[in-house]
Every structure is written in C-alpha cells, then in structure tokens.
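Here chain A shows up in two complexes: once beside chain B, once beside chain C.
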Partner chain A sequence: MKKIISMILCGCLAASLLASCGSENGGESTGGNSGGDAVNLKYYFIAKTTNTEDTKEIQEALNEVTKEKINATVELHPLSFNEYPTKMPLMLTTGDDLDIMTSSNFLSYTSVVQTNGVLALEDLLPEAAPELWNMYDQERWDAAKVKGSIYMVPNYDPSVSYPGFWAIGELTEKYDFDWENAESWEDWEPFFDTILEKEDGVTPILSDADYWGRLWFPGYYGYEGVGSVKAPKGQDLVVVKADDPNRKVVAAPFTDEYKETIELTRKWYEKGYFLQTPPTEAEMMSLRSEQKFATFAVPFVGEGDTTAMAASEWGGATILQAKIKGKAPIITTGSATSSGNCVAKASKNPEKALQFIQLLHTDEYIHNLLNFGIEGKHWVWKDEAKKVIQYPEGMDAETCGWVPNTTYQFGNKAALQYFQTEAEVDTSSRVEEAMKSAVYSELMGFVADPEPVKNQLAAISTVCQEYAEPLERGLVDPNDPDKGLAAFQQKLKEAGIDEVVAEFQSQIDAWASENGK
Partner chain B sequence: MKKKLHKNTFKTVVTLAFIPICALCLIPLWTLIVASFSTDSDITKYGYLLWPKTFTLEGYSYIFAKPMQILRAYGVTIFVTVVGTVIGVVVMGMFAYTTARRSFRLSKFLGYYAFLTMLFSGGVVPYYIMMTQYLHLKNSVWALILPNLVGPFYIMILRTYYRSLPEGLYEAAKLDGAGEMYIFFKIALPLSVPAIATVALFSMLGFWNDMYQALLFVENQDLYPLQYLLYRITYETGIIQEGAQTVGRTVPYQSVRMAMAMLAMLPIMFSFLFVQKYFVKGITLGGMKGD
Partner chain C sequence: MRKTPLLKRRENNLGLYLMALPGFLVLFIFCYCPMFGIILAFKDYNFSDGILGSPWVGFDNFVFFFQSGVAWRLIRNTVGLNLLFMVFGQLMGVTAAIFLNEIFEKRVAKAYQSILFFPHFISWVIVGYFTFALFNGDKGLLNNFLHVIGMEPVNWYGEASVWPAIMTIISVWKGCGYFSIIYLAGIVGINPEYYEAARIDGAKKRHEIRYVTLPFLKPLIMVNVFLALGRVFYANFDFFVNVTRSSGQIMETTDVVDTFVVRSLTVMGDFNMSAAVGLFQGVCGLILILTANMLVNKFDKESAVF
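And now, the complex of A and B:
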C-alpha cells in the first residue's frame, strides 16, 4: 500500500515537472535573443475562431515575412472574447511574458493603462518606427495620451456617423419619397403623414420603453458629451461644441437646440408618429420583424452593410440608411482610441514590437493574413480588382478555421483591408469622402474625471431618468408646469448641474493650458 | 392492526402531499429540457413551455458543429474530475486522519493551518504569480487539478468523522501489531466510507463545474474543460447575436444556452445517483457524533 501511494505522489510530481518543463521549452525554442538571431515576439489579441492547426500555419506564413523584414518571429496568442478581459489584466499586472497586446471595447484603453503593465511609447516611436509615427496626424497621437504619455498605437478604422433613420425601402418607394435629399427631421413629415393616412397599423417611427424613439442626439448639433452625464440609457447632457475653440461646457437642457428638439418630438408624438404607449423591447422586436413600422430613428447611421440585419431582424425588408445631415462629422477621443496595439513593459524587445506594429499599419499582406488567413485556404478572391474576398467553396464563417471576426484590431483597416462584401467597397469610399470634411474635436485627448462631482452626478442621473427621458421621447408636454422643461431645469439646478459644469470646465481649462492648446 | 392502518394512512397522506412538491422541483428542469429543443423565436414569444411548440435540434446542432472540440473537452473534464477526485480524496483523507489523531503532536497545528486558508487568501494577483512564475503551471492540465485538490471544509468534515471513531480502536490495532499505514487503510478508511463518499461527491462536483482555473491559466484550446468551452460558446453566440449584421445569420441563442446546460448537467447528475446513498449519512455522521 505504501508503495502505491508513493508511486501516485511521485507520478504527480513528475507529471507537473514535465508539464512545466514543456511550457518553458516551448517559450525558448522559438526565441533566442542573442546576436543576429531573430527575436521572438508574443502577440496577444482577441479572436473568435482560431483552430490550433490553422493558427500554426498562419504563424509560419507570418514569420517568413517578419523574419525577412524586421528580423523577428511572432508567436500568435489568440484569446477568446470572454477570456481576454480576465487574463490580460492579470498578465499585464504580474509582468507575465508577452510583448504586444491589443486593446478594444472588450478591454478598454483606460483599463489597460491602469494595469501599469504597458510601456510609454512617445520617445521610442519616432526612433523605432518613424514611418508609423509620421503616418497619422498629431491629433490622433494626442488622443492616445494619458497623463502626457502615449501607451497605445491606435488603429485606423474611421467610421462616420450621423443621426438619422433606418427606413424601410419598400415604403419610401411606394409613396415616392425622396429620402436621399431629406436633410432635416422636418423634411420627413410629409412622408410620415402619408404613412399615417394610408398604411393601416403601421407606425411611422418605432419606439420602445427603454431607449428608442427620440430625436435628441447631441452629435447632430456638433456637440461632444463630457463625462457622460445622463440617465442610465439616455443621451449625454453635459456637452461641448466640438469645434468651439473656447471649449465652453454647457448643460444641454438649457440650450435652445434642446428645447426645439423636444418640442418637435412632442409635436410628432401628438400627431401619432410614435406609438402612444411605448412597447417593451420584446414587443418592439416582434413589431420590427413584422414590419409594422416605417422608420427607426437612430443616433448612429453609419456606413455599414445592412443586408444581413435586414434578413435576420427586419423580415427581409430593404433597409435604407437615411442621414439627417447635421454638422461635419466629429472625430472624438473615444472614436480615435477605441482600439489599438500596446507594447508590454515586460517586453525585452520593445523596438521590434513597435516595428511589428508598424507592419500591421503598412503591410497589406500581414494585415490581411491576420484578419482573414491564407489565400486559397481561408479565403479566395471574388473580385481581385476591387479587392473583394469570399470564403472558398464549401466553407463559411462557421467552418473556416480562422475567423478572428475583429477586423478593427490589426492596424490600418482603412488603407489595407480587403472587403468581405461588394457593399463594403462602396461604404469605404463614402467614409473616405466623409473623413475629408471631418473635424477633430477641440477636446481631442481630454478625458473627464467624474470623481470630484460624483454625488451630483448620481443625483442628476436620477433627475434625468425622471424628467429627461419622458421629455426627450415626447411623452409629456414641454410646457407642463410639473413635468415640463422648466421643472426639469429647476430640478437639475437643485441636483447641482452648475457645479458639474464648473468642475468639467476647470478640468478642460487646466488640460488645455497644460497641453499648450 | 388498527395501528398499522393508521400508519399506512399517514404514509399515504405524506406521499400524496409530497408528489406536487416533487413535481414543482422537477418543472424547472423539465422546462429547461423543453427549451433546449425549442426554437429561439418560440422561447422569446411564448416563454418557457411544458411542451415544445416546434421541436428542433438546432441548439444541439449548433454546439455539435465541431464535435471533436466537445468530445475533447469532455475528455479533459472527465480526466480532471477522476484524477482530481481520487488524488484529492487520498490527500484529504490522510491529512484529516493525522489531524484527527490526538496522539499526534502536530494535529492541532495542522488543523489550524488548514482552517486558516478558509479565512485568508492572498488574492488573485499573488495567486496568479505563484501559479505561473513559480509553479509554471500555465497551459498545463495540472493547473486545473492542483488548485482544487484540497478543500479545508472537506478536511473538517473528514476530521470530525475520524474523531468520532473511538481512539481505543487504534490502540487495539496497534497492540495487535499494526503499523500506522495499516491502521489507516485497513481500519480507519473502511469505517469512514460514508464520509469519504460525501467528500468525493463534493470534490467531484467542484472539479466538474470549475471554469475559473481554465479562465486564468489555460490558453491552449485542446485543454479546455467542458464547462469552459460551453461558457465560451454561449458568450460568443451572445456576441454574434448582437452583431447579427456582420455575420449574416441568426444564432439560436436561447436554445443554445439551454442545450448547453443540459450537456453540462447530465453526466454529473447521474453520478449523484450512485453516491446518493452515502450522502446524507456522511454529512450527519460527520457533524453530529461526538465522543
């Protein structure tokens, strides 16, 4: 009996030793860091499907190029959407062995910097990766600054958005409505009147109890929100005009624009453009699939492809993306730093790491290799001239062994990436066009610190939920003495909106003078 | 005769009263099974039903789209559960036995040593450093086994149980010439089967359901345990559903989740049947019998 036990214990010990040896060897055999040998970089990123064998093949293909171009090999470490936000901060905090990692919505730039595990790059960048450094406007680098240091190379994935409508194409065609030239909310009124009159049971604008069915979108008036002062699901209410050189902070409910918008919303509500009782989200979804509506007012009509959404959620209708053209699109700190690549402090070769990031921004082959895999195996040309690709015969997104499904993640999407559908070609040229007129927000690089006014913010959020939500959705009369705009403004003052505005104003002024703006 | 009749009526009444209660316990499980065979839109529209409106296997077929992956995950989980439970029970049994023996000088100290870990822990970061930088257990199947091997609470159950055996038993065995090992394996162990079975079941459930270790330490997809793989699939269907516009098809999110719960639950549910007979005995004996 003694023997058996000691054998079991020895077995355990041996096995764990073997396992640990194995992982160590794995790390070093591909590495080697002396003299002219290629250095090894560990690259961590988020990916949906990455089968082990496909990952190996792509890594080999990648290393052929990187060895030649920057004398380095790259070890790919794709992590799934759920493990990335747990594992990465731990790895960064504990100084685990890695060189490059990506930041995106799943693990925000702020939380990455908070781990204190990524390297400040501003001194290294111009030296190690001059091409990358000169590629982008200074405003973009400013946006990535936290307390004066750049910790991330932001990816370039421009998107332009306006508020507007998703409209059902069959209806606009039936009543011959010139939706493309409808430039303001009011231009849509004749169409909605026709719908009310002629289409039984069809609501002009679909709303729901939580969020949908409002017209107040700060971006429409060129405002950028500061410090997210709002109802839990509402719109930003403390804002700065993005092109205001004085960067004056205002509380939106006190502006004329806000008043006009909620009055318009109320008018539309009374005319019956919205359902009188907003349906629950589930009811809204089923109304949507039965097409019992004409349009859907959204804050972010982008330039994306809507065919798939139409098929899955809109009962196969044609979805038009109708913009209400406000001011020129704004590039904000948030949109410029929504994703990027960081270099870990633990990296032994930060210069090489930056050079690899530079390749992600300049090398078409590498960029697409990481996004879509190997030509012939994971994708084939559909139209090589237009750079449109598709899955090979008999393969789709479910069966393909390499579908990271994170096209924003690997560097310069706008310049390098192949298109997955014909529609994207069109979209991308429209985005490019719109980007020419886009303006950088005067607040580029500023991030508000809500800490000093957090008590007021909590109170304001409650007031917004009670007053702003019904007002913005036309459910109450703006002139109502108890629940109208005046009452809302009064309650906001009581909750301390003035202190919040003053606090953010002083933060912005301090930030501006520090950064010589 | 009269007395017996009385007893029988009582039994009948109790049984009748408990049938609906048992049914109430079974209904959630049943609706889960039904939901796993229902279409997504039915679940959204009608909620959880007692019989599927349209019978479908789409939830299961979505999960089994890559059968090798699931089978491998089952393999990992079964390996971890079996090996972990066996080693764990042996280690905990021996530890509890030594701390239960009053004649052993360090028994008190070791008892507290185990107990302290229930109250204090180093936190995630030191734990992570310990596991990866000192023990080098990243991406190893032992990272799934070692951290859950020994539970102080289980040790306490076993220890109380061993304490309940009369000390004289050991002395008698010693007089007859038995060594410590012999006493443990031939005398203490057979007498403590109920307690051991209880602890084994707890520990088995622990290994079967554990996902956290994999989340922290496993990167290699071939080492994913079942629960973690299922968690990952659910999470991704959620993401895909939110971004349905990019994928171009809907995912049966609700039915996938329910099918997943079924797959994760069934095997361990059956194992419960086997250990059940020792179960109650183990807990109550360990807890109540003093000396």
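And now, the complex of A and C:
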C-alpha cells in the first residue's frame, strides 16, 4: 500500500514539474486581441509605476486607434528601471519575440546596437514611414548612424544640463546661503561646514555606491565620452574635448581636471561631507526621502521644474536646481541619440513597427496616452489652452496606476507632450534659448565600435572598479603609492588603455574624413 | 542481495526509481541539455545566424580572461576562499553534529539544531545588510564599539586583508547548520553496539569520537569534500556581491572569477566570453576532482568516491 501511494505521489510530482514547464510558454502568446488580419506588435519600454489593470486599459485604448490607423495592435510590456538594462540585451541577443524597444540612458544606444539584435532601418524608413523620415533633418538621422546604418529612430527631446547640486531649499534658506551665485565647487564649502556643525545626522552631500554623488563628471570640463567606455558604475573613461576641432582622444584619468577633482573629493571626504561608507542606491533613496542630506550632486542640473519630482522622491522638500555658474552647459552626441525607439531583428512586421513609431512622433493622443494615461482616469486638464495637466482629484504620483515617469521615451516630446506643471511651459522656451548658447560637440553623430578592443575593455573595467571607484569617492588618498592616482594610471596602461585610445582615435579620424569634417 | 536477478531487483525498487525520477529529470534538463551550449565558447555568436551557423573563432573568447592581468589573482581568491570555506565549514559541521548528538535532552538539542540551521535560510541580500550593519564606517556596530572602548574606528570596507577571515566566518555561520544536520544523520545511523563495545573496552568520550564516530563519518565527509572540490572554481556570486558590496578597495582579496566575469561582460554584453570562462571553470573543477580521487585511491582505497 505504502509503495502505491509513494508511486502516485512521485507521479504527481513529475507531472506537475512538466506541467509547470509547459504552462509558461502557453501564456505568452495570447496577450494581444488581434482580430482580423491586424498584426500584433510587442513594445518594451521602461516605466516607474504601471499597474497591470491600468496597463490593460491603456493598451485597449491604444489599440482602438492603432487598429484603425495602421491595422495593428500593440502589446505593452513595461519593465522597471532595474529590469530593463539586464533583461533587454538578453532578449535581443537571443532573438526573443519582440518588435519595438526603447533605448535611453538606462540602456544606451551603443549597447543596444552591440547586441546585434536590432534592425538597420535606413532602407525601410523612407518606404514604411515616409512621414517620419521627412520630419527630421538628414543631420539628425546621420547622428543615429553606427557603421553607416541607422538602428534607432531618435526621440526629439532637447535638453541642456549643467554641473551642480540639487539642494534642499529649506536648508539653504535657514543658513542664508547664496546658492544662486556660487561660481565654483569651493563656494559651497562654508555652507557644508555649517551643516556639519549645526545639523545633526545630516550629510552635506548625498552619495551612493553606484552612480550618484561624484564630483567627477567628464561633461563638467567639456569632455565627451567616446564608445561608452565606462567604469562599471561610473563615468566615461575615454573622452574627447567637445570643442576640440582635432578631436584628440584621451583617457580621462590622465587629465589635470581629473586629478584636481579627485583631490577636492578627497579633501571633502576627509572633512566629512560624504558618508564614510557609501550606501546602496536603495538606502540612498530612503535617506533622500527622509531628507538626511543637504545636497545631491548631479551631472544634469537643468531648467526643469522639480515640484513633481520633489513630491514623489524627496519627501516633499523644496528642491533647488543649483548650477555651478562658472561652468558651461553640457550638450553631447548623447543628447542626439540619448533616447529613441529601435525595431528588433526578431520582429516579423518591421514595417508596422516603424509605422507605430511614426505614430509616437506624429499622434498627440497616442504620445500622451503612453506618457500620462487616460484622460479623466489618470489625468485631467488644469489649463487646456496651455496644455497643462494634473492628477485627478485625490490622486498623486504614488496612487496613480500609470506613471512611467520617462517622458523622453515615447517619440516627439517637444512637439506633442502635455506639460505637468505651469512652470514647464516657460521652461521649454528657456531650453530653446539655452540650446543656442550651448557648446555643441565636434563628435555629434559619431558612434564608436568597441568590438576590436573588447579584451582590453574587460580588463579595464576591473581596474576601474578597483581604483577609480574609491578615488572618485574620496575613499583613498590620490597620492597613496599603492592605491592612488599614479597606481591607477599604471594599471590602466597595463590593461591596455593606450590601445583603446588609439583604436577610438583611428575610428574618429576615419569617421571625420568620411563625413568631410 | 547479489543473488537476486536484476529484473527482480528492479521490480522491488520501482518505487525508489520513481522517486528518483524527478531528480534525474531536473538533472537531465538543466545539466545535460544545456551542455550543447559549450560550443558557444568557441564561436562568435549572433542570433541571426543561430548557434550552429555563427562563425568559429577558436580560443579567442578565452583571451580576455588571461589578458586581464588579474587572472592569477582571481584564481587564487576563488580557489583559496572556497578551500577556506570548505575546510572550516566541514570542520564546524562535524564538530557541531558531534556536540548536538551528545545533548541528552532532545528538546534542547532540537532547539540548538534549529538555531544553527536557521542562517541557511537567510538570503544573501539580507546577510549583506547584516555585514553592512556591523562593518560600515558611519554607524557600524563594530566601529561604535571600538569608539566606546577608545580605539580608532577602522574603514572595514577598505581593509583588504581582513576580508578572507570575515568571509570565512560568514560562510561557516551560514553553512554550519546545514552540514551539521547531514553529519548528525550520519551519527544517528551508527549502530550503538559499537559505542557499547568501546565503552566496555574502557574508552572515554574522546576515544569514542576518535575511534568510532569519525571513522563512520569519513565516507560522508569525503562525499561532501568532493562535492565542494568540484565547485572550487565557482564562487557563490550572491555571496560575493552582497557581502563585499563590490567595494573596490577590498578587491585584492575578494574579487573572484564570477564577479570578474559579470563586471566585464556587463560592459561588453558578450555571451561567448562568459561561456568560455564557464567552460574553463568546469574543466578545472573536473581536473581537480579526478586528481583528488586518484590521490585518495592511491593512499586509502576504501574512501575513494569512485
């Protein structure tokens, strides 16, 4: 008897094992409600909050329009900020079933192209989406070329950013600090000293162990990154002075600016401006919402309005966008290809996919539906004439079921997008103004190919983790013989930084002569 | 038993075979089926050509690992730390099992056992936070303590030399309960008559342990050691990432093959390179097991696993 029971149990176990394997494939394909011969497109993008219910509703609303306009349905696949950069490259490399995906700072254009999983669009674009093709200047399309092919429809999202801090307004006011006229980093020192002295448990500059809180950012000194060569969590390593007509490639850690910055960082670290052991990003976020800090160093202090961000992420503090006045605004190739939509090689209907992307750039309703959701449910008009929207009564960023919080992702932001606050209406004209005075990079339109030096890059990423991370956070003395700057430079040379620089230099030179620059 | 015909024996054990079936299936699906993927290590894979169609590149994918300049350090750290974990883990497991077995009050023994076993269920992420709570430079418990007794605080996440010890302690703390249960089961299975005989011959407790318990546990220890040896080139990625917080300053002693691979390949996104390192780790593990078994065969044939 016992034996029979055990056999039945085993059988069940084996069966359930097999069943659970099988069911996973079953669920996937039934998503879209493709009626008639409308094709189904799978669209992957990043989003902060998207409830399943709300996603479904928005998908239905979207499909009503797309079915009529391009005879296609679109399946929405929002992924979180953490998931996206790890999941998408895998899906692209393995040829997983998807049609359209977005590229942005969280998953750069270069890395998307590197997966070999996205389609070259230059032949298809004029045929399948002529309106889109003619909408933008040839220069913008050229800027998106990698080795002669266009792999992405870039979004139009003009922005200018400055080095500086996001500072808590309540604190600068309390200690009467004139943040608007700070010319240099050092001008902030008296304020930080006061904070250390008078505010218990408040760190002057919030940092974490990942990306945030460094004073070193190549863009601050007019440098532009080449080929996405980065320390694993850090900044561009191989750079060109954006306004250098000779386009001379250098490795950032060998520049004087780098040395000065890490020395300043060290000085500030020793004074106690940073946390002694950098927290993780999640811990940093919680410190941030508790306002246990005075400033947050960011490479993209801009013109935008911070009220919405402050309410959702900063515990409601007043966030000042404090520029370092002595430094020029930053505009790089990055901003020409900083975000956009790509069509996957695996797509069975690339023409339809392009037509959907065209809608993102031309259709006001679709563009805003993806950004803000359904009118009346996720947003209401605050001022319809000025196109300013707000959350419906009793709803905010926390409770709304559709807050992608990625306004740059869905096509033509500049022309189509509604404003979230009154202040943004003026901002957009100020951005246009600032664009005129910004320094344009000599590299606009160049995208490097790191393939020939990938062995060196693998080695360099370890060197950076070991040396650049502590140096850029002030954790070690730059003059330390074993762990300091000299040792870092030496290790970089051993890892083959010179070959990387030479390779990119030759790629840039070839590109420049090809394009008659 | 030997005399029963094979078929008959099969019939008798059908239930047992069925019980093993799910395990075999899992092993087959997850260990044998993907083995085909090894060829990726020698290819330049792109999905439009498929796995078979992609061009062969020989040993190109292995170059990055050995050219990195840190290959030796990675291997030293991986193997060294894993050996430390293995030796101390087994040692503490056996010791704990023997102690647990000596507790007469069964309820107390069960309580101790549960307490020892508990860390096994804690996720490495949480363990990483425990470690951070102890060692961080700002509000860490250890630094607070040092401050109270009037000593200088230490930047623990910057002191490479102390980390092998810290990691061994954590590994033992987390794994000890698991091994102690395996060994306890082994001890419980020993026929009490051996102990009685030993006691009649005048053996003390330590003699019993030395001459009865340990010899009976030896095969079990051997199996565990061999299992650990096979994985000595693979570091537990969760452990290393969460506990060291990928701190650059302690990489001299905590950077291991797996963390290196992930770091390099998140930059490059190259599957072939990670397949190459995976193959390298597997082959090294295999060689290690074969050599160890050969040596055991030579000196102590009875204890050899195969």
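We adopt the following convention: the second predicted complex is superposed on the first by the 271 of 517 C-alpha atoms of A that agree within 3 Å, B and C clash if a C-alpha of one lies under 4 Å from a C-alpha of the other, contacts with A are read in each partner's own complex, and residues count from 1 in each chain.
Definition applied: a contact is a pair of C-beta atoms (placed from the backbone, for glycine too) under 8 Å apart; a residue touches a chain by one contact, two chains touch by 3 or more.
This is a predicted model, so every value here is computed, not measured.
Of the two partner chains, neither chain B nor chain C is touched by A:506.
When the shared chain is aligned, no partner comes close enough to touch A:515: not chain B, not chain C.
Within the superposed three-chain model, A:495 lies in touch with chain C and out of touch with chain B [touch as defined at top].
Of the two partner chains placed by superposition, chain B and chain C are both touched by A:93.
By the touch criterion defined above, A:479 lies against neither chain B nor chain C after alignment on the C-alpha atoms of chain A.
Of the two partner chains placed around the shared chain by superposition, neither chain B nor chain C is touched by A:110. Of the two partner chains placed by the overlay, neither chain B nor chain C lies in contact with A:71.
Using the contact criterion defined above for the overlaid structures, shared-chain residue A:345 touches chain C, although it does not reach chain B.
Look at A:81: by the touch rule set out above, it reaches chain B but stays clear of chain C. The interface of chain A with chain B overlaps its interface with chain C at residues 93-94.
If you check the complex, the residues on chain C that touch chain A are 14-15, 18-19, 21-22, 25-26, 29, 45-48, 63-65, 67-70, 132, 135-138, 140, 155-158, 245-249, 251-252, 255, 260, 263-271, 273. On the side of chain A, the complex with chain C involves touching residues 3, 6-7, 10-11, 13-14, 17-18, 21, 89, 93-95, 111, 114-117, 209, 230, 232, 275-277, 280, 345-346, 450, 454-459, 461-462, 465-470, 475-476, 483, 491, 494-496. Looking at the complex, you find that chain A touches chain B at residues 1-2, 5, 8, 12, 15-16, 19-20, 22-24, 48, 50-52, 77, 79-83, 86-87, 90, 93-94, 96, 282, 285-286, 304-309, 311-313, 397-399, 405.
Put simply, chain B touches chain A in their complex at residues 44-45, 65, 87, 90, 124-125, 128-129, 132-133, 135-142, 146, 181-182, 185, 215-216, 219-222, 231-232, 235-236, 239-240, 244-250.
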